[in-house]
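Dropping a structure here in structure tokens format, bear with me for questions.
Just so it is clear, A, B, C, D, E and F label the chains in written order, and each chain counts residues from 1 on its own.
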Amino acid sequence: MLRDIRITRGYQQWPAGSVLVEFGNTRVLCAASVTEGVPRWRAGSGLGWVTAEYAMLPSATHSRSDRESVKGRIGGRTHEISRLIGRSLRACIDLAALGENTIVIDCDVIQADGGTRTAAVTGGYVALADAITWLGAAGRLADPKPLACAVSAVSVGVVDGRVRLDLPYEEDSRAEVDMNVVATDAGTLIEVQGTGEGATFARSTLDKMLDFALAGCAELNRLQAEALAKPYPGVLPEPKPKKSRS
Amino acid sequence: MLRDIRITRGYQQWPAGSVLVEFGNTRVLCAASVTEGVPRWRAGSGLGWVTAEYAMLPSATHSRSDRESVKGRIGGRTHEISRLIGRSLRACIDLAALGENTIVIDCDVIQADGGTRTAAVTGGYVALADAITWLGAAGRLADPKPLACAVSAVSVGVVDGRVRLDLPYEEDSRAEVDMNVVATDAGTLIEVQGTGEGATFARSTLDKMLDFALAGCAELNRLQAEALAKPYPGVLPEPKPKKSRS
Amino acid sequence: MLRDIRITRGYQQWPAGSVLVEFGNTRVLCAASVTEGVPRWRAGSGLGWVTAEYAMLPSATHSRSDRESVKGRIGGRTHEISRLIGRSLRACIDLAALGENTIVIDCDVIQADGGTRTAAVTGGYVALADAITWLGAAGRLADPKPLACAVSAVSVGVVDGRVRLDLPYEEDSRAEVDMNVVATDAGTLIEVQGTGEGATFARSTLDKMLDFALAGCAELNRLQAEALAKPYPGVLPEPKPKKSRS
Amino acid sequence: MLRDIRITRGYQQWPAGSVLVEFGNTRVLCAASVTEGVPRWRAGSGLGWVTAEYAMLPSATHSRSDRESVKGRIGGRTHEISRLIGRSLRACIDLAALGENTIVIDCDVIQADGGTRTAAVTGGYVALADAITWLGAAGRLADPKPLACAVSAVSVGVVDGRVRLDLPYEEDSRAEVDMNVVATDAGTLIEVQGTGEGATFARSTLDKMLDFALAGCAELNRLQAEALAKPYPGVLPEPKPKKSRS
Amino acid sequence: MLRDIRITRGYQQWPAGSVLVEFGNTRVLCAASVTEGVPRWRAGSGLGWVTAEYAMLPSATHSRSDRESVKGRIGGRTHEISRLIGRSLRACIDLAALGENTIVIDCDVIQADGGTRTAAVTGGYVALADAITWLGAAGRLADPKPLACAVSAVSVGVVDGRVRLDLPYEEDSRAEVDMNVVATDAGTLIEVQGTGEGATFARSTLDKMLDFALAGCAELNRLQAEALAKPYPGVLPEPKPKKSRS
Amino acid sequence: MLRDIRITRGYQQWPAGSVLVEFGNTRVLCAASVTEGVPRWRAGSGLGWVTAEYAMLPSATHSRSDRESVKGRIGGRTHEISRLIGRSLRACIDLAALGENTIVIDCDVIQADGGTRTAAVTGGYVALADAITWLGAAGRLADPKPLACAVSAVSVGVVDGRVRLDLPYEEDSRAEVDMNVVATDAGTLIEVQGTGEGATFARSTLDKMLDFALAGCAELNRLQAEALAKPYPGVLPEPKPKKSRS
């Protein structure tokens, strides 16, 4: 029921984790960059920090979209999705175990065809896992296993009165109800965002959409695990006490 | 189970609708301003437009917060809430019946104690209803009944392992799960946003939270109807063909 | 000769001083928030700091005005009024007696009908006085009496050739000369700003306007004293050596 | 009592009016650029428009000041002074006689030593007069005499308890009271802005300061007239019906 | 002497031209988006317009770089490179033959290892050629052959006293002289930018660097021609009179 | 072959170096302001810093140009020229000998008639030399001779098929090729920027333009030396160990 999913690790050479994730024709590059230290407001707490930034290449969409750097401000949609990705990935990590390190997950959409935010969460988790492996090899984790669970996300909608999973843009744009679900590999929920688009929906519809979404997330978790079963796609650092890489 | 709710219509003299809504100590001023015409991108479509802007007075929060006008940019949270309010209120209105008029719902938080966005949706609906009455009296609606249903919203959370409705700030800030639900007086859903805050949650918890939220929304719909049963709190315009008021 | 004046203390629960001031239909919310410490450029001087920020709700004016946060910049008029309020209130306070505390006076116009800046100065003084009481109770003043005098302000104009005090918007917008006067309860002047609006004016007109304005300020000082004669509208802190509240 | 005043017309080659004005060591370049047409909000009214922009070169002040273009925003002081200059110069001109032309007066401070805003008004008037001459020669005025009076401005302050005219920076920075007066060559007032700097002042002080300021403005008017008695410092256009120059 | 060069057409599905160009480890995605019409300032001229925007993914560099959209402004380096690319590509195109169409070349650096701007010009030309093919098939060109020549670019530098072509980052960062050359397949020059980095250089060095650069550009022209010899990598439009695609 | 060149030192009183440079009708004010210390990113390195900011007065151009401070952002052209000036002047100075001092070169164009950037480099060097003299007198240089060479710049172009030096605006705007060359008094090159404007050019043309430019720079070096042969145009500081001036 999902579109064709591909997860390619080691897409870029510099970041500690770099994953190209594809949900059908949607392609998102998820890079996890590591820096020593944490933002000033949490320095000295012993806790690490994970945050995310989402953006769209101008050429990723059917009609070219203007650059937010040129407009001089980030739009509401971008803010909203960046916050969703960061929140979702923080739900699976023990920030004390991470130690005072910051991981920024950059999710840049190369090609958009619906579901970019759910692809970003799903690929972002794999990039995060690689960054954790990198930090572990470098001996910089406060505790060896900071990841408590795996995280994936999928969209689900009602199109022409029928519930559909992982909608491409053509269906998404005419969906009556649109929902994004972030879930763990333990089957629990992290985030549920359902919206009637110019329509309202019954609670029974919500229930059915959740069934579809949880099944989709389980399949995505399986594909993430498969991808992560392969060795780290690059050169791991020597376990020196303190070294920075981004 | 809701906090003490108060809805005061006619709070300001200039806007066509102006409502002070209070959920316990949370106080939000919701003003509906009417202008003739629509944004350029939908001019000539025959459809009207409803949008919302949410903001917080610096003095509304326990610790003073900086002004977004001084910072020179609107934060992600503000964007996100403004979009939620606009989307929720558009779900109840027939934009063709509205005719080519724009209604801006300004939701300014006078005092914040949890649930400001749900108070804003709930009060915003009442302000919108007054603006519709004003437009009807002025003879400017394309169709006499553009409002298809009433809209209210409430927050629900899990605090200390128990589901709680309409959380004040003190409880909200330590909730394990936090959910906002927007619903209609027909019992259907417009928006469901549930988030685990540094925790994940079971689907059964989601179900229980929805029970609480829908009961809360039904009670809010009753209070909205009660408030709107009183006459329009101001002077209605004469039915001239085309006149602008904001 | 003044419009109907009302001063309501304790309008909000969080700030140390919170005053709703009304000059006829003009309503301004003046909140005084206290924070420990001073801006970096005067740290270590032993002096405190008082500053003000003025803003208008979009729904406060006859035609809805755009938000400065959305425009991404603060306009010249806003800057000018914020500076006037801050300068006026600093004239009555001994900043050494205040100690290294900062008081921000937020003046948010809820409803505009002429004279918003003079209402803001007048109400801002009362909010400032409450914040000083709060700081005194907390034992955080360097010296017990930092306020040297009371400050009030009023507008005066020439309309249809006659001098008029405290103009509502309808008169203000067609005044030939427009003047704002800030004065103390000792009858001395803090600020005089008189402008010919597309007209020039004789020095004798200036003299007559000053007569009116000083009489108005004296009456405003009487109403401020009356309002401040009532007890502090909230719970005062225990005299602990150093505690922050905003 | 004024410092040494110099008014040099024709300082730049492109603008219709370009005046270097010096008040002692203060040097301000005032350029009046003409464009056909008016801002959109007054198009079709038959009225012209005059506006001003004030700025300071970074190297003009004792300690280098940062560029507002680099900071990305214009400060409150800049806004305030630009508005004052524009308002002052509009008071002397009949905008209907100007016809639908716009004149922008750019006042760029080359060297600052107190009184930059009053020098800008005084020099700005001379640049404006040259631009009017230019427009008249081009046959583009709706009416031949749009200037109703001459405008000059001067600062006056109380330093060490004594009233002083046209203060250099060293005195201005320690003045107890600071006032700027804009007046016409008919002896009437356009703008009076008096401020106690951390002090209040008696009405009798205000009176004495006005005496000084009006005497100073009269002398400045004499020097303006002297400067303008010389021929136009450039090549006047042929009276073609419509031509643009800036 | 060039690094390993790869040119992949048809990298994205939406833009009329989309090319991934690789100079060694440097990877730049060049997308050419077509829109009908031209910017307002040249509307009605009959001429088309070609412009370019260059940007760097945050994860493209060795240490993560901040997003310009988050900073709210575009840096000087970005501006400079965008202008260079646009100028270089406009040199090879007859804008009258293009007709009133706009082509935006987006050059987004996926991975940076020196020479990103020269890779962007080289790949941008291929994307532009594909966009021209697309416009030709759609029957929207004013004239069938708007491209007068092919354009490529390469960097050349002096490292350890020796002239080197197409420098990777490691060499570029310690080059004494750094030059970028844009040339045509006719062997003529479009742009020469040579800079001593904390050093000056003799004219004979400049001559030698030009020899290397022109040889490099000739080889790049050969590879461009080879890539463009293959058929258009997508579906060409039917020759309808006027249709927009981006 | 150069236009009439004038170099006036001591144009402003506050900066350590202040030079008005004129290339024909082009007039640029170059001010060198000194501050103790260096930007944070190079503090503690023992090296000084030299940077430049270029700007245009709105009234400097034939048609008035908008202020970048009002637009809220600095344009690409401004950035590019500021960077060129800074880079050129840093090529001639030993930053270790400068010690931890910062010199900002502000180049403000008073009147523009072609070649403003080359005038700015040429005048900026003289202002820099005066600032070095000032620092030397104050005893604040780490080493007595930080300037290794003199720097000048000139434009050269091809107009109507003929190579021309130091183009005024009228010629520059219709040049087929445009080049700026920065050179030292030792005859070596610092920067070469040649651009075909909608045309390409042969390598032999480049060679001929370089001949002209180097001859022009030699003449400019002679005029700089002549200007600097006169005594420092102001009061030099006493050799106190550490004092700041800007």
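Definition applied: contacts are C-beta pairs under 8 Å (C-beta built on N, C-alpha and C of every residue); 3 or more make two chains touch, one makes a residue touch a chain.
Only a predicted model underlies this, so the values are computations on that prediction, with no experimental measurement involved.
Trainee: Can you give me the shortest step count from subunit C to subunit E, moving only between touching chains?
Mentor: Contact-graph shortest path, subunit C to subunit E, evaluates to 3.
Trainee: Look at both sides of the subunit A and subunit E contact and report whether the same residue positions are involved, with over half shared, or different ones.
Mentor: Mostly same residues: over half of the interface numbers shared.
Trainee: When the Cα trace of subunit B is superposed on that of subunit E, what is the rotation angle, expressed as a multiple of 5 degrees?
Mentor: 120
Trainee: Express in whole angstrom the distance between the two chain centres, defined as the mean CA positions of subunit C and subunit D.
Mentor: Comparing mean C-alpha positions, subunit D is 30 Å from subunit C.
Trainee: Counting only Cα atoms for the centres, state how far subunit B is from subunit D in Å.
Mentor: Roughly 49 Å, centre to centre.
Trainee: So the centre of each chain is just the mean of its C-alpha atoms; given that, what is the distance between subunit A and subunit D in Å?
Mentor: Computed from C-alpha means, the inter-chain centre distance equals 58 Å.
Trainee: Residues of subunit E that contact two or more other chains, please.
Mentor: Only 72-74 qualify.
Trainee: If each protein chain is taken as a node and each touching pair as an edge, is the resulting graph a line, ring, star, complete or other?
Mentor: ring
Trainee: With subunit A as the start and subunit B right after it, run through the chains round the ring.
Mentor: A, B, C, D, F, E
Trainee: Where on subunit F is subunit D touching in the complex?
Mentor: For subunit F paired with subunit D, touching residues are 12-15, 18, 25, 29, 31, 33, 35, 53, 55, 57-64, 67-74, 78, 104, 106, 108, 110-111, 246.
Trainee: If you look only at subunit B, which of its residues touch subunit A in the complex?
Mentor: Counting only subunit B, the residues touching subunit A are 73-77, 79-80, 82-83, 87, 90-91, 149, 179, 184, 186-196, 198-203, 206, 210, 214.
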